[in-house]
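Take a look at the structures below.
Here subunit A shows up in two complexes: once beside subunit B, once beside subunit C.
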Partner chain A sequence: MQKMGKQKNKTASFSFWNWVIASIIFRLILIYFPKNLNLASRPEVSTPLTSFRRLAEGYWLKQLSMSPYAGSMYHGSPLLLSLLGPLTVKRIEGQPNHLLYSLVSVIADVVSAILIRATGKNLRLAYLRSLESLDIVQQTKASGEFFKILSPGDAAALIYLWNPFTIVACVGLSTSPIENMAVILCLYGACSRLVPLAAFGWVIATHLSLYPAILIIPVIFLLGCGPDAPPRKLFLQKNNKEEVLSKSKLRLGFSWRPITHFAFWALLWSAYVLVLCGISLKQFGGLWEMFKSTYGFILTVEDLSPNIGVLWYFFAEVFDFFRNFFLIVFHVNILFMIMPLAIRLHHRPCFLAFVYIAIFSMLKSYPSVGDSALYLGLLGWFVNELADIQFSFFLFCGYVGVSLLSPVMHTLWIWRGTGNANFYFATAMVYACLQIILVVEGVSAMLNHDRKLRNLATSKPQDAKS
Partner chain B sequence: MTLLQRPLLVLLLLVTHHLLQCWIAFGSVDEEGQKQEEFNEELLLKPLPDRKVLAHFHFQSSAPPSTSNGRHHHLFPKAISQLVQKFRVKEMELSFTQGRWNYERWGGFDPIASSNAKPPGVELWAVFDVPQHQVDASWKNLTHALSGLFCASINFLESTSTYSAPEWSFPPSSGNLRYGTLPREAVCTENLTPWLKLLPCRDKAGLAVLLDRPSIYRGFYHSQRLHLTSTGSGSKGTDSGIILNQALTVVLQPIQPNGLRASMDHASEKHIQPSWSLSSIFGKQVRGRCVLAKSSKVYLQLDRGLVAELKRIHKENEKSVANGLTSENFWSYPSFELSANPDRIVIEENSLHSKSSSILYNFQVEKYSESEPLDLGLTWKIPVVWLCQSAPLHSSRFLMGSGNERGAIAISLKSTQLREGFMGAFADNERCELRVDVFQVVPWYVKVYFHSLQVFIDQQPKAVSDVIEKIHVSPSKDKVSPGMMEMVLKLPCRVKSAALTIEFDKGFLHIDEYPPDANQGFDIPSAIISFPNFHASMFFLEDGSVNKSPLLSKFQEKSPVMSYTEVLLVPLTTPDFSMPYNVITITCTVFALYFGSLLNVLRRRIAEEERFLKDKATKKTGQLPLLLSKLSAKLRGRPWEPPHSPPSTSFFISSKLVFKVILVAGLAVGWQYYFS
Partner chain C sequence: MAETKETSEKDEKPKPRVRPIVRLGIFLISHSVLVSVVCCTAGVLALFLLPVLAKNTYISENALMPGSASPMLSYQHVSDGNRLVKDLTNLDLKSSETGIESQRVIAQYMLELGAEVSFHKFHAQLNQFHPLHFFSSPDSGVIQENFSCSSYGINTVGIIRAPRGDGKEAIVLVTPYNALKSGLGEAVSVGIAYSVFSLLTQVTWLAKDVIWLVADSRYGEYAAVAAWLRDYQIPKFSSLSTLNSEMCPDINNLYDLKVNSIAGSKYSNSFRRAGTMAAALVLKVGDQSEQYEDTISIYAEASNGQMPNLDLINVVNYLAVHRQGLRVQVEKLWSLLNSSWLKSLGEIFESLGKVAKSLNPEWKFGIPATEYVEGTATLASSLYYQALGVPTGPHGAFRDYQVDAITLEISPKYSLDKFRRNDILLRGGRLIEGVIRSVNNLLEKFHQSFFLYLLTSPSKFVSVGVYMIALALLIAPLPMVAASLYVDANSLDSKTNKSTPSTIADTAERGITIRSWRWLYSAKLVFAVHVWGAIVSLLPYFICQIPDCSSTISFMIWVVLSMISLLTLYSVLASPFSCNNASQEKEWALVKSVTISYVFIGLGLMSVINFATAEIGALLMVPMCLLARPLKFDLRAGSLRSFSRMVCNLVLGLIAFPPAAFFLLKGMLEDFGSVNIGDFWMWVESLWAWNSATYIFIGMVYLPCWVLCVHILLHTC
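So, the complex of A and B:
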């Protein structure tokens, strides 16, 4: 993260595009490896929801005029099936088997990176503006090296593009690049106040993987009071007079107009998506079957094949009569944290979105590295704010260690037969703990940062005097 | 005197008893003037090329449709008729098998191999005469009833994940068919005894006497089968007629008497087939028929290959010796010797496909008695080597891949040399095609990717659409239904080998779903390969005796050649079975860590805490009054000011106490009110 940040001090724009092109070339090289390096069947990459082979199976069943949800192979959206399905069978002579499909993933990744960059620029502008309005720009520059403001957009975009997790998810033919793109589209639209785009992103992301539904809260905050800023109280505290507020050009009030727009557009888009799904599933089970085998499958954790999460082993071992109880507990765990986080971080909706994404990609039923790639990429937006996060080195080492150990344990257990399920589960456990520490320390660092800003802003008069 | 008299008396009793039984059996039927209930017993013996002997017992009981007193039967087993009436079974077949039929050596083309060779374990299929939506319920009840009747775990076929409903590839194709197998079911005497109980004479008289448990379970292959057809009864009040066929097929290795072996020189002993007799392979002899049986016959069959070989030897000898025997008169020919004189010889009509026809020697059991038992034996005099006629393609199935994550099932079909002969007529034709039906059921934990189906013909990959004419797939649903695949392949006649591969992922089960010995692996039931263009049937000269014999008329039925593939054993990954508590506690700890630490971070206000601590250090007041005063200040909307005097503190304490008491009381009242 820091390394990426450093690169972008001077020749930002030019080197950024170089890195983007390099990342595309790197992906293409990996795609041209025989059999995609077998990444498509790795449990870390392809979950029952994002697996490419299941998509191909769903498309095959549909071609035989059977419901794609017949049997329990495919659990994705029918729209993906219509859009990506033909690419699973199209082959170009002399080229790798799934070249077209891989190209779509690469494009999705690049588009996501560009959107992340644009959003990051937005965030940076907002940050600078708020510092200006608090009159602490000089002070922050003077006070420490870490307040030198990096371009968070470039950092985030390059982290997203060059994150091994993203690359693996892209080359491994999973559908998570597309799901991630929908989430990023939603945040970008909300940040740049393109209400229809935000609504579209939110509807599609929810349709594809259900969990992004909770992003509606940060999106409402984003639309209502603009991108991340220090707490509103601080402005009020600092400038008790009205004229300062009007001067600062910051909208401190909560405007309801964009929210109603958003609701309208979200309704419109979801109706549209449902109608499209209904049409494509008309001769089969209809929408009810779709909900049962997509959302129902996500919520009832039916597939117990190993992944990097913790729920598969838990539900493989738990006693049957407790199963429903624990299903409720684990899903409510995600919902329970929505309110406290929203209350505490309402002034930083983008960071709130990041925390939500991190939480649900940790606790979701079938997590994959593609989900981790998304929140690790978004982490780049907050390089300035989270500069003094605790345990950052430990977290980095932990991520590296887990991503090396987890495949080893999987091989030992599944392929060699010498290991045990517990070893693999232990790495999943460690991974969950790492993500928990990242989230907790991230939130704490962000709160500390706000506190620091407040101290700077409030203590300025005294400083000037002394 | 008395010693002599007693056996006489018993004999007399027995005779009168039998007479009485006969009278009961036939008397009542005659009154109604209808067809009567019948029972026939037959045994077919056949030497096999690999020095073994096949014995095929066939018992047929039939109950004609009757208008009244339908619940009463003379010969027909009541349990079966109740079963048929209760669950409206149109047709049903249940087989218990141990061992695997060796299609290469024991043949795959004749009616015995095609319809009596069954997959290991239990196989059950049934066709019901009920509306579509009741079929599953009927099937469930039937499995339970059969489970009780035959002391087997057929009730495991009740769950929807074990049975399937083939649409057209399974031979008695019909909409209301259900098919299920239990490949791992062990078959033993406890299944045979109830099966024998269905016979009117059990194993006390007739041919069933031969079923000596130690000798039949010593065999290489053992399959007991129960097949019933109910001839539909349209109107109410009439019970349907039922034909119950019970067949038991065993492949036994005759034990050669040591003396005989010693007398022979070693060179010829290698080739000469072992001689056997009923008493040497079963340890028993036939001491007369079951008196309730309408007919009781023993057949000795020499199959087509053997007859052709014998003819060849015979011709050679004729040339050298030139004796005046007719070429058909084998039994008197000195290549082998029968210990009993056959009553008649039935010769198969020359079938379309093969050059020679098989011969059946018929022995009537009626002629033999306690004092003069039938001990049919076959003694070979010259070495003879022959091959049984096998199916057009020899099918085998195997697993590919390693590890416990994924794999592939491959079905390979190899042409047999014998096919050249009878395909010769069609082979010149350009458009000659060989039709092969494949029917395969896979359990749900073998998650088959049907799109990965690949076809290889003569080791060359072919486009699936070129070879597969028709395909019907019902994909597996997790824990609900198994995957089923029905295919019709069109292969060119000159095909040397063909292979189908299909990939699968191995599923992961809940710990309760693993069987006791989870590491042994899971079975994939046999696939059924059938050749609808070829019929495994024998034609006999129209002769009165043939029509009377249920076994031979069964042989004459036109049925497609069928073969079962091997049962596959798939090892699945196991979780740690001893760890549920650990996993639950550790996972919950991690969740608690997440929840607690995140909430803690959100709750903390460091600056205020510092101030609070300072306050606390200066004034040693309690924590709660401070908070309460803060709360009350907030509620009143006034800026909070720290309490300053000791008297006010005491006031706060008392108010706190009062507040607490009121709160608890209020809660209690609310609780009481709400729940009463």
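So, the complex of A and C:
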């Protein structure tokens, strides 16, 4: 996955847009073989929340003047129904059935990639600026060739576009490209200090899949003290030692103004979204019905059909009277990790966002490969920082192995009948372990990088003396 | 795997306190040569020990209770069956231009018993290329638009509704019958089925419906059964195909005849269904056997090495041996029976077993040498047919719908004259009756016993837990060697870097930055070769569109196109023979490491899909991968060890090439004179025509691995 993006960056005659166009063509080719691939029915791609078939069903119910949430089929947002619903039934003669809908997914993917690229450029600028202010540009340039060659934005965008997970989620007609786009929109807006856009992205992402709500913490850090930089302590140290650093280069304080703006806009957008939802669900039980069958459905894990997560198996096994207890335990699990990570990584809000996304796409109730596609794409932002991540080869092999083994185990269980649920669940557990290792190693590589920068910054005066 | 790998990579960065498991991992990786030799030897040895370790079969599902009721099939039913056989043979003599007449007779007999009868028309489907079909759910097939009336077949289906059942479950009895040129054997098999059927219309204990399918085998037994099953399981909602077949005059004639001859009968025009199938038996009567007894052969292998539940085989085996006095056999690789090395190996195991028994009478693992040889021959054939992925009979069609099915072929001792025929009808009928009665007792579908096993004799099996050990031992060295190569390549790299004059901090960082992602270049090469593998496996789809192409020419075209695509991909994606950078000196080690990791993933994956393929593939691939080393180094070293390694490499590289391996095996098993270049094409064609996963394995795992090994051998830097 990373390979693709990286190798392209290395070649001298590299052209970002060529690869973007190639990825679009590749998706279109796959879209023209929908019957052969049958991706839309894979449990890895379509969860109860992102399934295309459920969206179409919800749209039909609504057309028949029934509540789209009747019969526990559809669990998405009513706005998606009005925006994407008509595309589920529209057909063009002689073309694949869901061509228009697929095109929307392709466009969403491309827009996400472009936003990732722009954010990556922002991050790179911020990184360079912080290095300059620490006066260690020369050393880092001498020590790492990666630095000059790799622009994190291009790498991240190409990883996102060429990641098989993204392609599968896009061709498999799931709604996750759109959810991912909302998350990326939020991060992009926060990075480039477009407060209304950031608020819009955050509100829409939360509205669509609830879990991105915790991204409010990295967004606040982003708006409050700017994009990723080495720890603030380092600058203070530097200032104490040399007392020459111009403070204008970096804003070290925490500014509350953009945050109040953000809060205002977030309130405005959420009110707007709720009003729209209320209008569209006026006859069908109103907003309460919506909350019950979207957020309620996510939080109570009602649908236990197998997916690549770990919750379905657990809640299929657990006794009913413990169910509520374990529901709380599992959801608090995500919340528990928010604070420590926020304290430790507050100086790198984008990386914090990546870690949060990785954690909730591992622990969410209905995960799909589209969620993994998002955080693997964001991983590309930190190619410079994570250049010395451990176990990279092992993780890569693990991802390849699990993503091949999991469908095979599913076939053994469902179609052949020679395997059973444990076979499939075993791959889900291995997958979760891989994600944990990725997060742990990523965080430790990032902290090592900070340490390295500190060493460079503090050792420099001695070098100069000698 | 995860543990060893993880630990292996942990030692990249020496830490002051090392956990025991990490230390164990480091120990294993640093002695990877020894470990891999030991593991591979143990793996091969374990494979040869499997016949010794085989356990006796036992009936696991208590509800089956085979043979607890005395058979009710009487001479009355046998004479009924005999009457049908006579009618069918007489018909054959009279008019053999169309098969419709015999179908009509069979249907008439069924109707007289009070069964529901319907005819099922189907069209012989051409071989199609769906390489990933084994992976997806069975679909309703492509409706061919331009078929003619001449290429249809008619299955006759009779259904008895169970007096005690709710119509939710059914047992299927299949007798292939070719109306155009039926032998006496086929007629007798229909007779046996009829006698059982006539008994089952009268009994009170029947709790599952019984479907008797007389499969029209003029286009092959499998095609007829598969077509009927497809229509049974997946209802067709488009009326196009049915309408088209209604237009064929012959079939309509058949309907008219039926309706006219028997008014008010249970004959129906539409497709009739019973419940879900609990089990299916395919019954055939073969020619005279060479054995001295009446024998019954069991064929169980379905597509992609799937086997029916062992309990079904157990029930048949138990009833045939202990109730009907038939000799049961499963297929053997006959050429292995006379091999002397196997015999001596068996004697060694026998004497070892005796020694063990003298030490402790509790240890009973020795089996006689002759039994060992027979067990090995059966095991080899079991492995071979599973690895091929091609079903050994019409029962294979059932397994695609998760229905357990086997084919029983009865071979009588004498020829089927009038008196002997009655005996065969009685014993065969009682066997079938017993099996149906057992299956009838089932409360759930077969689940109690094994699905994953290898047979070493009709009453002995090796379960998945035992045979997986052989494969696990064989492929265990792969991750370890990959990790050790990876660590070596990286440490060498940092060493070379340290020698260059620059500051210490600088090199440390440089080493880290490059080291962590250096494998990407090798991964790119491996990925390119796998893409090539995918292209090669898709090429036959286009080649077989060329009209009037003999198998030899097709094979040649395939080889040439593959070569061209390999060269193109090499030049576009990865230029292997250029080494402009000094840091690429150890490139081959990383390539080997990545290759081995992918082989490990591929073999692990295949062992889940089809164990036998993975085992046979591992026997060839594991030594090839582990030994691969640039020939240039071995030439330069010039010692005896490196020379022998070079020879091993060359020999392995030569015989592991898929066509070479195929011709070698074929020559060994049959005769070198009869080997034809086109044979390989035919063999591969049969693989994809039957949707065998082995084809994908050869194209996407085995062939790329071979190419990468050859690439490492020819590495120039």
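As a convention for this text, the second predicted complex is superposed on the first by the 435 of 466 C-alpha atoms of A that agree within 3 Å, B and C clash if a C-alpha of one lies under 4 Å from a C-alpha of the other, contacts with A are read in each partner's own complex, and residues count from 1 in each chain.
Methods note: a contact is a pair of C-beta atoms (placed from the backbone, for glycine too) under 8 Å apart; a residue touches a chain by one contact, two chains touch by 3 or more.
Predicted, not measured: the structure shown is a model, and the values here were computed from it.
Taking subunit A as the reference, the larger set of touched residues comes from B, when subunit B and subunit C are compared. Applying the stated contact rule after C-alpha superposition, one finds that A:F16 touches neither subunit B nor subunit C. By the touch criterion stated above, A:G417 is placed in contact with subunit B and with subunit C alike. Shared-chain residue A:L447: touches subunit B; no touch with subunit C. Of the two partner chains placed around the shared chain by superposition, subunit C is the only one that A:V408 touches, whereas subunit B remains out of contact.
By the document's definition of touching, of the two partners only subunit B reaches A:A316; subunit C does not.
When the shared chain is aligned, subunit B comes close enough to touch A:P340, but subunit C does not. In the superposition on chain A, A:F393 contacts subunit C only, with no contact to subunit B. When the two structures are aligned on the shared chain, A:C433 is found in touch with subunit B and with subunit C.
On subunit A, the surface touched by subunit B in one complex and the surface touched by subunit C in the other have residues 415, 417, 433 in common.
Against subunit C, in their complex, subunit A makes its touches with residues 2-3, 6-7, 36, 38, 142-146, 387-394, 396-398, 400-401, 404-405, 407-409, 411-412, 415-419, 423, 430, 433, 437, 452, 455, 459. Chain contact summary for the complex, subunit C toward subunit A: residues 2, 5-6, 9-10, 12-13, 132, 135-137, 306, 402, 451-452, 486, 505-506, 509-510, 512-513, 515-517, 519-521, 523-524, 527, 593-594, 597-598, 601, 604-605, 608-609. Every residue of subunit A that touches subunit B in the complex is listed here, in rising order: 41, 43, 53, 56-57, 59-61, 64, 66, 70-73, 302-306, 310, 312-320, 329-330, 333, 336-337, 340-341, 344, 362-363, 413-415, 417, 420-422, 425, 429, 432-433, 436, 439-440, 443-444, 447-448, 451.
Interface residues of subunit B facing subunit A in the complex, by the touch rule stated above, are 402-406, 444, 447, 449-452, 471, 473-479, 483, 505, 507-512, 573-576, 579-580, 583-584, 586-587, 590-591, 593-595, 597-599, 601-602, 604, 606-607.
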